[in-house]
Each structure stands twice: as C-alpha cells, then as structure tokens.
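Quick notes on the structure that follows.
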Amino acid sequence: MLKIHFFASLRERTGHATLTDTGPLPCSAAVLWERLQTQFDAPIAQDAVMVAVNQHYTDWQHALQDGDEVAFFPPVTGG
Amino acid sequence: MLKIHFFASLRERTGHATLTDTGPLPCSAAVLWERLQTQFDAPIAQDAVMVAVNQHYTDWQHALQDGDEVAFFPPVTGG
Amino acid sequence: MVTLHEQDFDPWALIQAHQNTLRGYGAMASFVGSMRDFNEGDTVTAMHLEHYPGMTQAQLEEIVQDGMQRWSLLGCRVAHRVGDITPEQPIVLTACWSAHRKEAFEACRYLMEALKSRAPFWKREQLIDGTQRWVEKNTPGY
Amino acid sequence: MVTLHEQDFDPWALIQAHQNTLRGYGAMASFVGSMRDFNEGDTVTAMHLEHYPGMTQAQLEEIVQDGMQRWSLLGCRVAHRVGDITPEQPIVLTACWSAHRKEAFEACRYLMEALKSRAPFWKREQLIDGTQRWVEKNTPGY
C-alpha cells in the first residue's frame, strides 16, 4: 500500500490532497503516476511534476515499496 | 603653501601628523615626497604609500597647487 | 539552526539570538526576502505559503549541512514563513557566520539558491481583483 | 546612507530604521564585520580604528553611489566604527535593498570590497603582551 500526497497546484489539478494506492508493488513512480490518472479530474502529464519518496527527492524510475510515502508536486517557489 | 597629513603607520614613521610645505609650486606629489624626506626621522620609500589630494585619491604625478591638502598614508585596512 | 514560522518573525532578533551562541566570528552575511505587493505586473494583496510538513524541515537542515561542509563556517541560521503573509512581511532569512568575509558571503547566497530550488514551499498569490494564482517560476539568482 | 560611529552601534537597529524609509523591496542582503580576538596567530585584546576625517565620509558615499549606479537598488546602508573597539563589537555594516535577490547580494558584496580597498581606515591592534601593531594587509574577499 502507498500513501500519496499532492501539493499546491497539483493538489488542485488532481482534485486530491492525499490518495491511497493498493496496486501491484514494486512499481516505478512513473507507473504509479499512470495508474493514478483515472482518479484525476483530467489527465496530467509528468512534465514539471516533482517526485519525493519518504520525503526525499527522487526520479520517475524509483521503485516504490509497500508503505512508502509518495509525494507529487510542482516546482518549488519558496524563499 | 601645502598642508600635509600623514596617517597611521606613516604618521609614526615620519614623526609627523601634519606638516606645512612652502617649497616651489606647482610640483608633483613625488617631488614633494622627496622634499619632505629631510623632515622624516628616517628615509621612507614611495612603495606602498597612498596619495590623496584634497581628499581624493591620486597618483605621484599629480601637479600640486597652492592651498592643496595632501595626504600620505599606508594601504587602508578598514572594514 | 532552522525554524519554520506560522506568524510574522523578526529576522534581526533571530540573527542576534543565534549570534549570541557563537564565538570567534569576524563576518556575518545575511539575506532577508520579503513579500512584495507587486508581481508580474499585478498588485498582490496577500500570499499563502504552502509547504510539505516533515520534508520541509529536513530539506532545510540538509541545505545547511551542505553549506557547512562546503565552506568553513561557524554557524548558519535559516528561517522561513509558512501560511498567510501580507506585503512587507519577511518570508525567508538566511545568515552565515565565519572568520573571514568570503565564506560568509558565498555560503549565505548558496543557502538561498539551494532553498529556492530544493525546499518544498509553494506561493499562492491573492490579487487585487480577488483572484488567486500559484507562483509558477522563480526569479534567477545568478 | 552612510554613518561613522565613535561608539558601539547596533547593526540590526540601523538596518530596520533604514528599511522603514523604503518601499517595494523584496530582497535585503547585509554584511556585518566584527572584531575578532585573534589575528595572525596572536590574541588581540583591543583595536583602534584611525580614519581620515572628511575623506572617509566622502569616500563611503562615493562607494554607495557607485553601487547604486551599477545595480538596480532601492537603498543602501553603510556604517563604520572609528576609535577604540573591543572584541565582538561590530566594525562595519553594509546593507542593500532591491526588488530581487541577485542585485542585493552582488551590491552588498561590492560595497564591502570597495570599502576594504578605498575607504581611509587603518586598524591598530593591541596584543595580549601589551604591544601594538598596525594591521598591514586585508584578507582576500574573492
């Protein structure tokens, strides 16, 4: 099981702050992203989406494990 | 007539905080420096001596005029 | 030291308090970013700063560790606002202490650039016409 | 704005007071140089800062004008101690305000480097063994 977070404009575009995924594991972050599309209000490309797993930046090839916390968000704009 | 100031280590090495020079004018700052040597405790080379005329940096070729305020000092070390 | 602030903070008080814990510094460089009431041609009346609780603090501490490894520093202080902000309030503080000025200047700027590209904060602007928008890009830092 | 101080000054109070006169800034970079109790292998107990009254203020104002011409700045604040100083007291403050961070960072560092090479100040150190010496060289800034 994966716990998924969306932040900022991606939270609004997906229509979700958090989701739970119970699909087959391990899978890459990219595969998870495709799997989630059916739950989005509209399809969203990977472009300009950042991925963090267990609160560390990673890439779309990262192999997700049961219990991981996965976050998707747009480029950061703090400071 | 020239009003001359010495600062920091040059004040101590020349033995003077201020001097008045009544030699022939115009003359260059370099010529003035040579003329002043007789009033120093010991000869002092131009090396690493900065020159300011009327409170602006200048060079040893600067032609001094009657009434000028001439300052000689070592490289600055503020900040 | 890294802190997140739900309320307005005084950058000078944070700097002074941190400096009181340090010895041997001869140089302190600091940066404070504040909210402007103007962006991309529009008047901005307020801002909301969203972040990723948990990841934010860890990322900022990692950035400080990177700076401490890269330069010879005696201390670093980073503070960042979250939540609702009004114009002229400070958003971010980075400050570095070192024996000599070169290290403090370079590390302070590095912390800001690293924070801008890596710390999980997102700004949402409230415009004077009542609409809201997410800030999409950062101003170049170099 | 440029000021010389015969007594200990609070850099944060000067920054805040100057900032209160400004509008539209989003970035403030500052540097504070403080007296260390250690230099070139020796313990330093006190310092005297000599300057060239008259030339000092004019030089500092010229440096600020150079910075304002070279970068798009909303304000600059420079302060410098003169006279007798004890360890940990601030010696110099440079601060710059701009719309975006690049200009503030670069101008603040420029002011310090220009001041280090052009402003007529000289430091005389009092060592722990009772002797005095003139500081002969600056630490490189870049």
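Brief remarks follow.
Note that the chains are named A, B, C and D in the order they appear, and that numbering of residues resets to 1 at the start of each chain.
The working rule: contacts are C-beta pairs under 8 Å (C-beta built on N, C-alpha and C of every residue); 3 or more make two chains touch, one makes a residue touch a chain.
These numbers come from a predicted model, not from an experiment.
Greatest Cα centroid separation from chain D: this falls to A.
One inter-chain figure worth recording: chain B and chain C are separated by 49 Å, centre to centre, where each centre is the mean of the chain's CA atoms. Centres computed as Cα averages put chain A at a distance of 26 Å from chain C. Counting partner chains per residue, chain D shows two or more touched chains at residues 33, 101, 112.
Along chain A, residues 79 each make contact with two or more other chains.
All chain pairs that touch, listed by label, are A-C, B-D, C-D. The touching residues of chain D, counted against chain B in their complex, run 33, 49-52, 54-55, 58, 80, 91-92, 112, 115-124, 134-138.
In the complex of the two chains, the chain C residues touching chain D come out as 12-13, 15-16, 24-38, 99-102, 104-105, 108-109, 112, 139-142. Across the complex, chain C is touched by residues 5, 7-9, 52, 55-57, 71, 73-79 of chain A.
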